[in-house]
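Given below, in the form of structure tokens, are the structures.
Across the two complexes that follow, chain A remains constant while its partner is chain B and subsequently chain C.
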Partner chain A sequence: MPTADVVVIGAGLSGLSCAAELAERGARVFLAAKGMASTHWTHGGLDVAAPDGAATPRAGARALAARDGHPYAIVQGDLEAAVTAHGGRMRAGGIGLVGSLDTPLVEIPTAIGALRPAALLPDAQAGAREPWGNDGLLLVGIDRYRDAWAPYAARNLAASGWPDGPRDVRAVTVRLDGLDRLRNLNARSLAHLFDDPAWRSRALRAIAAAVPPGTWRIGLPAVLGITTHRQVLADARAALGPSVFESPSLPPSVPGMRLFDVLREAILARGGRVQVGFDVVDVERDDGRIVAIHTEAASRTLRLAADRFVLATGGIGGEGIRAGADGRLDERVFGLAVSAPQRDAWFSDDPLVPHPLEAAGIRTDDELRPLDPSGALALDNVHVIGSALAGMHYLAERCGDGVALASAHRVAAALAAARIAA
Partner chain B sequence: MTFHDAATRDFPAFSTDACIKCNVCTTVCPVSRVTDAFPGPKYVGPQAQRFRGPSVHDRSPDHTVDLCSGCGICTRACPAGVLIAETNNRARAAIVEARGTSLRNRLISDTDLLIRLGSNLLAPVANIGLRNRLLRWLAEKVLGIHRRGPLAPFSRTTFRRWWREQRRPTTVPAVPDPGRTVVYFHGCAVNGFEPELGRDAVAVLERNGFAVIVPPQECCGLPFISNGLYEHARRKAQRNLGSLASFARAGYRIVGTSTSCTHALKAEYREMLDLADDDARAVADATWDICELLTDLHDRGELDTGFAPIPERLPYHPPCQLKSHGIGTPAMDLFALVPGLRAVDSDHDCCGAAGTYGLKKERWQIAQDVGAPLFAKVRAAAATGAVRAACDSETCRWQIEQSSGVRTVHPVTILAESYRRADAATDERWRRVV
Partner chain C sequence: MRAPAEVDVVVIGGGATGAGVLRDLAMRGLRATLIERGDFASGTSGRYHGLLHSGARYVESDPISARHCIEENAVLRRIAPGTIEPTGGYFVATPDDPDDYLERFQAACAAAGIDAEPMGLDALFRAEPLLNRQIRAAYRVPDAALEPWELVDANLASAREHGATAHRYRPVVGFERGADGGITAVHTQDARSGEGETIACRAVISAAGAWAGTVAALAGATLHMSPGKGSMLILNRRMTSAVVNRLAPPGDGDILVPVHTVCILGTTDITIEDPDDARVTRDEVEALLADGERLVPGLSGARVLRAYSGSRPLYDAAELDGQAHHDESREISRAHHVIDHGARDGVHGLWSIVGGKLTTYRLMARDVVDAVARALEVTAPCRTADEVLPEPAGHSPYWLGDRLAALEAEGGGDADLICECELVSRGRLSAALDQRADSSLDDLRRTTRLGMGPCQGAFCIPRAAAMLDERRADGRLDATAPDANEALRSFAAERFRGTRPIAWGDQLTELWLAAGTFRGTLAAESLPARSGAADADR
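Now for the complex of A and B:
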């Protein structure tokens, strides 16, 4: 059995960040997850808070904190430090994070040509939120790459009524060297091609040659390298202009893969352990505390004992909470009480306008420890972070990343302080 | 992977219905990272599986599944619990059953036969052959074994022969003591190529108060499984189960030094070979990787922690097969007990060798490309003072050693050395006193 002070369950943004910060603060940490999680499906920037009418992430978080039972009511104060620490981790891993909690939320284009409000973005995506002035937007598609259709996105954007948007939106599709010989082109294989300096130089020349006359800002699918991303981005800026930006394509998301890699490396570099692939199958309890969890293994189970456990398994989308046919919602690891609307209120015509079931999750005290339905502490040494928390609509409110980071930071800082005191 | 009921474990293909098409497996596959010829785990697994029946005898619509190296990383990454690698392995076996396979694949899978031919008295001759560039060129042309494929030299004395000559026990002691006696499953690699690792393992176990038994055993059969030769593998497995099950039932733990062999005993006999009877379950439940056993001992406060310092930086590669055990990285936990030893996790997916995969003429380059970043990390560590690397599975060790030029040992070799140094220091102190 590995020796750990804290066991973190879940490998999404909240679990990875919490484990990284605990390791940075000198705790022995073991992260256990049943599989890869949300990072590979998301855009790699930070959705902190963008409810209707919010001008900045900070204002958005303040507005959400005033809503009844929202996680920001507890963790809003941790946001600043959490975002700063996240930016530091990303920078150390070669990825700049542009913007702050006070950066105005601006509409930027998505892979299918919708608009989403964004303030905090990876360096490579930041060009999308610079003022457009008289610039046009040229979306560059890559021939044979099927997960980003520039003409489709351009058509949607042209019809979107983009406020303060570009002068014009156009699409070109370029043929890049050797791609017609490939059978299996995906975001990762393209990103690895961009990691190859010789291929990259030919590709960037071909893209530059496809730019029509006039002033155009260029948007590319998010495939600008994985292992040497910083250099690829620098070369792309030199060839295509300083404001060239990448847009996350359909999953798998290369910016999300970079994020996962940076955080995993941060954990390992500080002596932490990461095990992906094995679900929690048993829990040892003693008088309101968790003594150990057991994860499945090739034979027997792996017993992971610790002083503290952090539940970062996600909500219904991440399978941390599972709905049964009988209308019950189960938190899958500790069997915690799930706060949720009644079964007959589970339905909504539009899943993206605050969906009632999205708010399902675990209610906690101010230390993010789970409560039972009566409001009493359910488990003394368990902390809940990220989308497993009750009371947020992370799609409509665009608050999932901010809540993940702030709750992870709150728990990691408190546990580290308690360790030093002890 | 998520917890599966027995039915899914016994028929991995049933799990493919759970695929949500998220493509995470495609982003972690080391083979599709380096070659366009392999469409990746999702396409040859859950996608192609819709066109295959549940039986191993059904035909496969897509033969690129044969490019899968079997590392298992896809299965572990899958958030939906699909047993992707296991499904693909069975699909390959179905192709082999329908179409047969090459003499080369049969030969390199039959490690026991190779060891009978090449070890002991014939080792000097066989090793000349392995080193001879003309003969290796010929083996590539005639058999398809790549001339630079990582092959370890045959041992002049097999581990089993050494054990016999030492008159060591092969069956339960007169007074049975399952708590303090373990069965050592040495596997073919220790027997024919690395007997010194077996001796180190026995020394470390004995140091910690265990008596060691080495009953009759054969290769675990994993090379046959990887090459889709399930009938051959089943014969090996059944002979091993016949020899080991009585020990398992009597409460003896079965300890191995190869995370590949021990994973075969724990999981693959059941998941690939449909061996799920009481014998197979008893052996699976009794099988331990040696580092897993030693950390378990440490948890109970029973591990001899009198380790002498080994002041060096040690690049450590946790092999794919170890990761499939779901036991963390116990070698890292043990390294932390050795004063001065600074082990660094390679944080790299796969060395590329994948058992016999990296030996094959048509796969060698893929295997090299998969492992290249790892070899570079190991070389960089060596350039700044590291004298060796460590890894728990044999073919991975040979691949890392050959491709990086840095000696690569099993974690237990380091522990045994640390114990020996402690003994030498004690002897030295006594000499001074006397």
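Now for the complex of A and C:
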């Protein structure tokens, strides 16, 4: 008796979205993951495609689709529906998604005061890309919080020649109630404080009192609540202006945690199951097909049998692909062939430029089923989505989230259609 | 151009030897100043395995060096106890090690005055359970772990107490020579501001180690160094409590030194032309791991945090005797040599101190200062073995618990940790910057261990850069200090250089996490060249 119609492995943006969509389309889905993934260590915005020179995410994805072996060559057509569905899921969970594939990419400030291109953002971050008009930017740091660097960021932004940026950038650092007694002070603990209405009201008053005269748009660390984010954001807007925005910093990412929570709820609400914290320890195969995977569990291993398996375990960063000391790259769950450059050509000399190894991943057919090195189908009932796919430079091209959503959508829609047909 | 300074002796090179020379000179009442081209202890001294030798490693191949090591081992335990973790050490015979060496080892140790005590295998495996169970003999020797940065710091502090001065980022660019060919002054240039300075002097001691050939050439003397690149790997935990050496003639991957919370596997030995050629190759990494497996089976599956290399200041003394050079770096003696370039090259007033080990730095300093003092007709004897060095900043650098206790005493908890891996607090970094306001992030690493843990700077680099920038804006940074953005980029590049040769497994994943943060979230690649704070003070 199969555990589910589809087992999804991996709890990053692609795995969660794929499982949510499968559940929404009526499939019985089980998501298994060894741990929290990309959501918790990325900025929580939506990097769809922003290669150099692209004016919009749609234009960016089109440019990337033309690159040899890029995942968008297969999934570009799924992007529109995928982003729409994602926006719906976010809204249902209390997080607005602002922008579309045709929204112009503009430069927004990062936590150290560099600039990155963005078009689609959760509403808490969207104030950063509204036209500046006559607004100045006031970056607010929090005393003792080590991951917000408002003065440093403000000085960098002032030196950066920000195109169409604000008339002035300044920084203030505010002291918030009780933080001097808090030993463990990070983005997550601050977000929990913001979830407390009484504390929040004092904090927002303290921040408002620190705003100098004039028209200022306020940038805060990305800590505006987790469990009651919608209310926290509404209160922050009432106290600090409608365009107040959050600026994400070092992990753990509070915007990413919200994203994770919303998608997990979306899966559970449609009867799907989610098990995070246990690795795949064994795989049952039969004649080019996967029959079941076994995961660790609290007291025994758990056998998860299904018709289809979706591999959403990520690339090297997500540990879906692991390198050995000998330079060999292994896909950890099914042992799929990994397409990668030669060991000696893995890295660029400068850590801040793209490394050829970043494009390593699994090559697939148009149904995103894995191929072996000769180009033949490796497994018939496995589909690969997200950062496990070969051929993209997700950091330089800022395309990781778009590829995750589009590939998840492509697989979920096809599997759901096949299930109905069957 | 600054006003000309005048001293008796200029010391070139701010590693352990130069710092030891400066201290010795100052304690004998000589006016002395030290110039170093980079940061103190940023050359070979800061890039070694952290082992205070008992001498047993060289007991057969290099008995003079072995004797020097054991004598100085005892001296350093007396004068610099705060920089030493008395781990003890073992020499172990694995099945691959030669029987005849094992048979000769103990007698050779006895002849050199090294206490090598046979150790029962049961006791050995109880003390060091991860060691290879095929090990068939073991001796206990007085090896230990030694913290090089603290040792250099302590020597400089003591030298300053005795009236000497020391300057970093001040490379020598030329010499002035009098009518008799003797050196009368040293020209230096501030590496950061570009400002030149002339230091008039009666003598110069080159303690430039592997770079001594370049310094000698600047003065018109000839000195052929044979730098030996030694590469090492940092493993992410202490696999043994004591230093472990293989009972065999020195080779690759045959020393494991527990240092702080990690251990260091060393060391390759490759003759190189340019001592700045510090790249670790994949072949070296593979050789180290393969040999390390013989000491600790499974070692190559452990997480390697970093690879680095240092350039041994080897000098082929065959040159002195007119003999042919040795082909292999390992055949060259580790003993030191004092070279009087007046007698040899007609460049009077210049001495080079070459060869030697970090363990023997004080003896090297004594010998060269003896020679210089004689020439300057100074009769005060060497007293560096009699006076205890200043304690490193009131704490034991070795015990993580000390840093934790200090953090808790500050009351900060995690909130004040800038570097979580190495427990470096905001207060500790501030104190280091108060002391040296011209520090880069890499300089701060040498003083505080910033960025030396598993994440190799992924979290602490932006935090520390923001602190530098804050100080720049407040006017609390030296104008010559690197700007925060330059510091961020160069430290990220420096940490990456050490990760790249060992980037696989968890450490490659860690590198990708750092890349995701730096480039994905922070877009550090698009930072302006310099922050607004730096431009404001120009």
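Brief remarks follow.
Simple rule for what comes next: the second predicted complex is superposed on the first by the 414 of 422 C-alpha atoms of A that agree within 3 Å, B and C clash if a C-alpha of one lies under 4 Å from a C-alpha of the other, contacts with A are read in each partner's own complex, and residues count from 1 in each chain.
In the analysis below, a residue touches a chain if its C-beta (ideal position, glycine included) is under 8 Å from a C-beta of that chain, and two chains touch if they have at least 3 such contacts.
Keep in mind that this is a model prediction, so the values were computed, not measured.
In the superposed pair of complexes, A:R188 makes contact with chain B only, with no contact to chain C. After overlaying the two complexes on the shared chain, residue contacts for A:A158 are found with chain C alone; chain B is out of touch. Once the two complexes are overlaid on the shared chain, A:E319 sits against chain B and chain C alike.
Of the two partner chains, chain C is the only one touched by A:R144; chain B is not.
Once chain A of one complex is fitted onto chain A of the other, the partner contacts of A:A111 are limited to chain C, with no touch recorded for chain B. Contacts of A:S339 after superposition on the shared chain: neither chain B nor chain C is touched.
By the touch criterion stated above, A:S17 is placed in contact with neither chain B nor chain C. One of chain B and chain C touches more residues of chain A, and that partner is C. In the superposition on chain A, contact is made by A:Q275 with chain B only, not with chain C. In the superposition on chain A, A:R264 makes contact with chain B only, not with chain C. Overlaid on A, the two complexes show chain B and chain C touching the same residues of chain A, namely 41, 182-184, 186, 251, 319. Residues 1-3, 30, 34-37, 40-41, 182-184, 186-189, 192, 227, 251-252, 257, 264-265, 268, 273, 275-279, 281, 295-300, 302, 319 of chain A are the ones that touch chain B when the two sit in their complex. Contact residues of chain C toward chain A in the complex are 282, 285-286, 289, 300, 412-418, 426, 459, 462-463, 465-466, 469-470, 473, 484-485, 488-489, 492-493, 495-496, 500, 503-505, 508-509, 512-528, 530-533, 535-536.
In the complex of the two chains, the chain B residues touching chain A come out as 1-3, 22-24, 26-28, 32-33, 36-40, 43, 75-81, 263, 266-267, 284-285, 287, 295-296, 299, 323-330, 332-333, 345, 347, 373. Every residue of chain A that touches chain C in the complex is listed here, in rising order: 41-43, 47, 110-116, 144-147, 149, 151-152, 154-161, 179, 182-186, 248-251, 253, 315-317, 319, 322-325, 327, 343-344, 346-347, 350-353, 355, 358, 394-396, 398, 400.
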